[in-house]
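What follows is a pair of complexes built around chain A, which joins chain B in one and chain C in the other.
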Partner chain A sequence: MTGRVLVTGVGAVSCLGSGRAALWHGLLAGGGQPRDVIDPHAHMESALMYLTPEVPAAPVALAHVPLSAGPRFAVAAAREAVDDAGLAGPARAGLPVVLGVEMGNARMHEDRRTGTHRTASSDPDRWTPMTVTAAAVAAALGSRETHTSVGNACAASAYALTVAADMIRAGEADVVLTGGAEGATRVGMGAFNRLGAADPVRCRPFDRGRRGTVFGDGAAMLVLESADHARARGAHAYAEVAGAAWSCDARHPTAPDPSATHVIRAMREALDAAGLGPADVGAVVPHGTGTALNDVVESHAMRAVFGAHCDRLPLINLKAMIGHTAGVAGAFGCATAALALRAGVVPASPRIDEPDPECAVLVPQDGTRPIERPAVMVNSYAFGGNNACVVLTGGAVDR
Partner chain B sequence: MSAVVTGVGMAVEGLADPDDLLHPLTGDDSGFDPKVALTGRGMRHKDRASRLALVAAADALTDAGLLTDGTYAGCGDRTAVVVSTNFGNLDSVCSFADTIAGEGVVGLSPLGLPHTSSNSVAGWVAIEHHLRGPNLTVCNGASSGLDALFWAQLMIEAGRADATVVVGVEPGTGAVARLLDGARSLDGAAAVVVESVPHRRARGAAPRAVIADFRRGTPTSATARPVGLRMDPDGGVDLAGRFGECSGALGVLQCVAGVGYLDAGGAGDVLATAGRDPATSMLLTLPGRAS
Partner chain C sequence: MSALLVTGLGVITPGEGRPFDVSAALPGRGYRRLPPAAQYLLAAAASAVADGSSFVAAPAHRRGVVVGENNAAAALMEAQDRTIIEAHAADLPPLTTPYFAASLFGSRLAAEYDAHAFSLTVNSPRTAGVESLGHAARALAGGRAEVVLIGATEHTLPAGEPGAADSDAGAVVLVGEPVGAGRTGLGVVDVRTGSVDGFDRLWAAAVPDDDIAVVETVLDDSPAGKHVEHLLAARCRDLRTLPAPAGCLTPLRRVAHGLCAASPDRLVVTAAAEGGLAITRITPPSTESPC
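Let's look at the complex of A and B:
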């Protein structure tokens, strides 16, 4: 499999507002603040989430299936990404959709189980698998191509993006829409509360006082396109998906392997695939969730891969600004990396009260910094020991 | 084609080998018995989908000659897991939703937490055999099993793995029965080992079948040979007609049946179809010299 894969469109809906511009300017302004999900009967110690300002009013349903927030975010971000890439009618009909989704239409199902669902439906008891998010996007765009749902939990959309890039490299498609979408979910928040991994203050990755993650909702979408196809139609690229790699800890169903062996392997294989060395990386969007173990393990892995370069390698502390967006986290990471590469700067992290001495990484808090090297690495990990690493390079890089 | 099928396995009540998928059972009791096979120490604290998947995966790895005395004989770092399931953790998610509604978060059992994650089945299969390559979960509705096989092949062609164990699983839980309004559904799993040709050759394993074509819409035969076994909801062998709704397990089950058919010397190619509008289909052929 050969060929270069470019990012030619970006769309986003996040707690920072609707659209990629809102995401980028919101990150430059220091990110968003979490607020309480109103759910008194769940008895959660922390009901905080980085919530989008509003849920889109449409689409309310796909065929007989009522759609909750997740699929609606997906459709909004997908439309923006496809418009951004300049894809019109026939190009949309032939556009495969490969999304990473962890909870799908979850809120609709949860509400129905607790008797608060009020949407009229001809078939109210019909549950749908996670693929409904990809199906809703494909229907909204008029795509008649394959639509796929990758269910790799919190690494789902980084996996999906790699699948999409491989499809282009394999000659299966010239252009693929990829990304992810999640709404608020009671089961997800409940599980992290029960694990004692939900921070009641805010999401504080790499802070010594961190007490777990804080979820966020929204959607991030990227149009990936072969370089030849983009050149032929004169499309502008944000960045290139230069390399990506996957690995699995195969050790524990929820906790990361403290040795970080396979996280390190994924990072090195992604750099190899990109034909780059550690010194070529100018910024990292870490998985950085704010859980006690993740941030230590990931910091250790970055030191192993980047060595002393770590001291000058700025992290984009994304989850401190938009929360942990679960299945969308990898796509938000890649969208942010693409926007950062275009702008040539790294947004500053929100305040860290006390940097964790066990996390020997650089999290700049003192204003934006220029990206001084050509590549940005994005890490995305999940339950099941799933690890994904994507390396993006600037569109202007001549490779 | 650079990928080839080298092993198949199953965990379907009463069935002993792939040929059983295509013929009436003989009545002997050598087949899979979930009451026995899904219990024991290694099965503790796992949901039904994960248990069924573990049995089928071990069966396929053994069939491929990749499991000796219960230990994986290949390179774990270069071996991938792809799981296709639509209802996999529905029971866990429903029970968590009900517990939160009834008792709040404090009522949740931490032991069940991993199963609320959509990829827990693939995680358990990886943990069981120390498979540290790519770990992919596909939840694609009717076409999911065939999609999973296609992704496994693509992963090998992309150089991301040397071998992949593909599992299609649907558990026969109460949550699924309620969802399907009591309609019959599969309580089982199927597994297929897909391997790169150089890897297969290096270890001297026999090639069993090749995925010659995959597409939305009926494929044109990639060989000059006619289709000898057709598995289609609208004609030929209908596995869902026999086992009930197979959902995410269907495509993988079809592949296992197809390999059983080719193993037994069946004539012609195997065409498996899942879903409608558009249908997804896969053509399996006997391996040629290049495989």
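Let's look at the complex of A and C:
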């Protein structure tokens, strides 16, 4: 597989508002704050989330399936991304959609159980699958191409983005819409509470006092495009997807491998695929969830890969600002990396009360910093030891 | 990029003849309390790997896994939600709690066979099982693995859920390798995915000479399913229609059946009410059944 893959469109819906501009300016302003999910049936210690200000009113259904917040976020962000890329009419009809979705339309099922759903199925005896988000986006855009849903839990959209880039490099498509979307779910929050991984204060990656993660909802979408195709139509690019790699711990259902062997391998293989060395990287969007073990293992892995360069390598502490967006986290990481590369700066992290000495990484809290080298690594991990690493580069990407 | 060679095959169909016996299918510790869809997947994989010994011969970091599922965790999530609604999240059983993340089914399979290259989960409605073949083929072509376990697993929908009366249960696992090097294995599968609205383009790619002996469909009676059946009726000499249960297993099960069918090339076509479409071409190695 050969050929360069560019990011030519970005869309986002997050707790910072609707649109990529709201995301970027919100990150520069220090990010959002979590609040309680209003759900009288959510019996759990902490129901905190970084919630979007509002749920789009449409689309209300796909075929017979009522759509909850997740697919609606997806459609809004997808429309922004394809508009940003300048794709219209026939270009949208020929656009494959590859999304990472963990919980998808699960909220619709949860609302049905409590009798709080607003829209009933138009065919109540017909199966209503949970992961219809990619299909909803394809229908909304008028795509007549494939729409695939990748379900790699909290790394889903990083895997989806890699699949999309591989499709372009393999010559299967010139342009692919990728990303992810998630809404608030009772089961997701409840499970993390049961596992002792829900912080009741806020999401505090790399803070010694962290007590777990705090979820966020929303959607992030990226238009990926072959460099030849983008050049031919005069499209402007944010960044290049220079390399991506996967690995699997194949070890424990929830805990990362403390040795970080396979996390390190994914990071090194992604750098190799990008043709870069560790010293060429200017920033990292870490997986950084705020769970006790993840942040330590990931810090050790970054230290192993980057060595002394770690001391000068700023992290974009994204989950501290928009929460852990589960299946969308990788896409939010890549969208943020693309926006940072275009702006040439790294947003500062919210306050860390007490940096964890076990996490020997640089998390700037004192204002934005310039990206000294135009390459950003994005890490994305998930239950089951599913690891993905994507390297985006900036600079003269339109050449 | 869409074709791969199948060198191993395992199928688990619980309730067919006799109940699924996890102790017999998976002797040893640590299996009995797994969710049923994980048990089915591991049992099917045991047969597939026994068939296709190339999987365990590959280095661990070159072994991949791709699993399709739609309802593997549905009953579990329903039970979890009922516990949260009626009691408290603290009452969730810890062993099965992580399986609300349905990618754990594939990850459990990866752990069983030290597959460190990757574990990819696909959950597109109805098409995810056969889609997993295409994702595996692309990953093999791109050098992300040397050999891949490819499967689908489902568990019956909870009672009262739409589609529960007729939902998929069981698992299929295949061992997939790159096509070539003169090997024939159990045959070659080549999957194309698209949308119902783009049927003509997908058909032309799957059947370039517009001539195929046998076409099996796994379709429901939704407008999308009826539309695809209508389009196929005008193109096929031997069209065999099967109802589509809720889930993504039956289409891959028919692909497995096609590999054992000792016939010329055949197609398995499936479509989702939500618009997804997949056409899988199966080319057995010879006129004699390999199974």
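The criterion applied here is as follows: the second predicted complex is superposed on the first by the 384 of 399 C-alpha atoms of A that agree within 3 Å, B and C clash if a C-alpha of one lies under 4 Å from a C-alpha of the other, contacts with A are read in each partner's own complex, and residues count from 1 in each chain.
Everything below uses one rule, namely that contacts are C-beta pairs under 8 Å (C-beta built on N, C-alpha and C of every residue); 3 or more make two chains touch, one makes a residue touch a chain.
Owing to the predicted nature of the structure, the values given are computational and were not obtained by experimental measurement.
With the two structures aligned on chain A, chain B clashes with chain C.
Look at A:Ala63: by the touch rule set out above, it reaches chain C but stays clear of chain B. If you count the residues of chain A touched by chain B and by chain C, you find the higher number for C. Of the two partner chains, chain C is the only one touched by A:Ala138; chain B is not. Residues 1, 41-45, 101-102, 104, 106, 109-110, 113-114, 125, 127, 129-131, 135, 144-153, 156, 159, 163, 166-167, 169-170, 172, 186-188, 190-191, 193-195, 246-254, 262, 265, 382-386 of chain A lie in contact with chain B in one complex and with chain C in the other.
On the chain B side of its complex with chain A, the touching residues are 76-77, 80-81, 86-87, 90, 93-94, 96-98, 100-101, 103-106, 108, 110, 113-114, 116-120, 122-124, 126-127, 129-141, 144, 147, 151, 154-155, 157-160, 179, 181, 216, 248, 278. Residues 1, 41-45, 62-65, 101-102, 104, 106, 109-110, 113-114, 121, 123-132, 134-136, 138-139, 143-154, 156, 159, 163, 166-167, 169-172, 186-191, 193-195, 246-254, 262, 265, 382-386 of chain A touch chain C in their complex.
Residues 1, 41-45, 101-104, 106, 109-110, 113-114, 125, 127, 129-131, 135, 144-153, 156, 159, 163, 166-167, 169-170, 172, 186-188, 190-191, 193-195, 245-254, 262, 265, 382-386 of chain A are the ones that touch chain B when the two sit in their complex.
Those residues of chain C lying in contact with chain A across their complex are 1, 60-61, 65, 69-71, 74, 77-78, 80-85, 87-90, 92, 94, 97-104, 106-108, 110-111, 113-126, 128, 131, 135, 138-139, 141-144, 157, 161-163, 167, 193-195, 197-198, 201, 220, 222-224, 246, 272-276.
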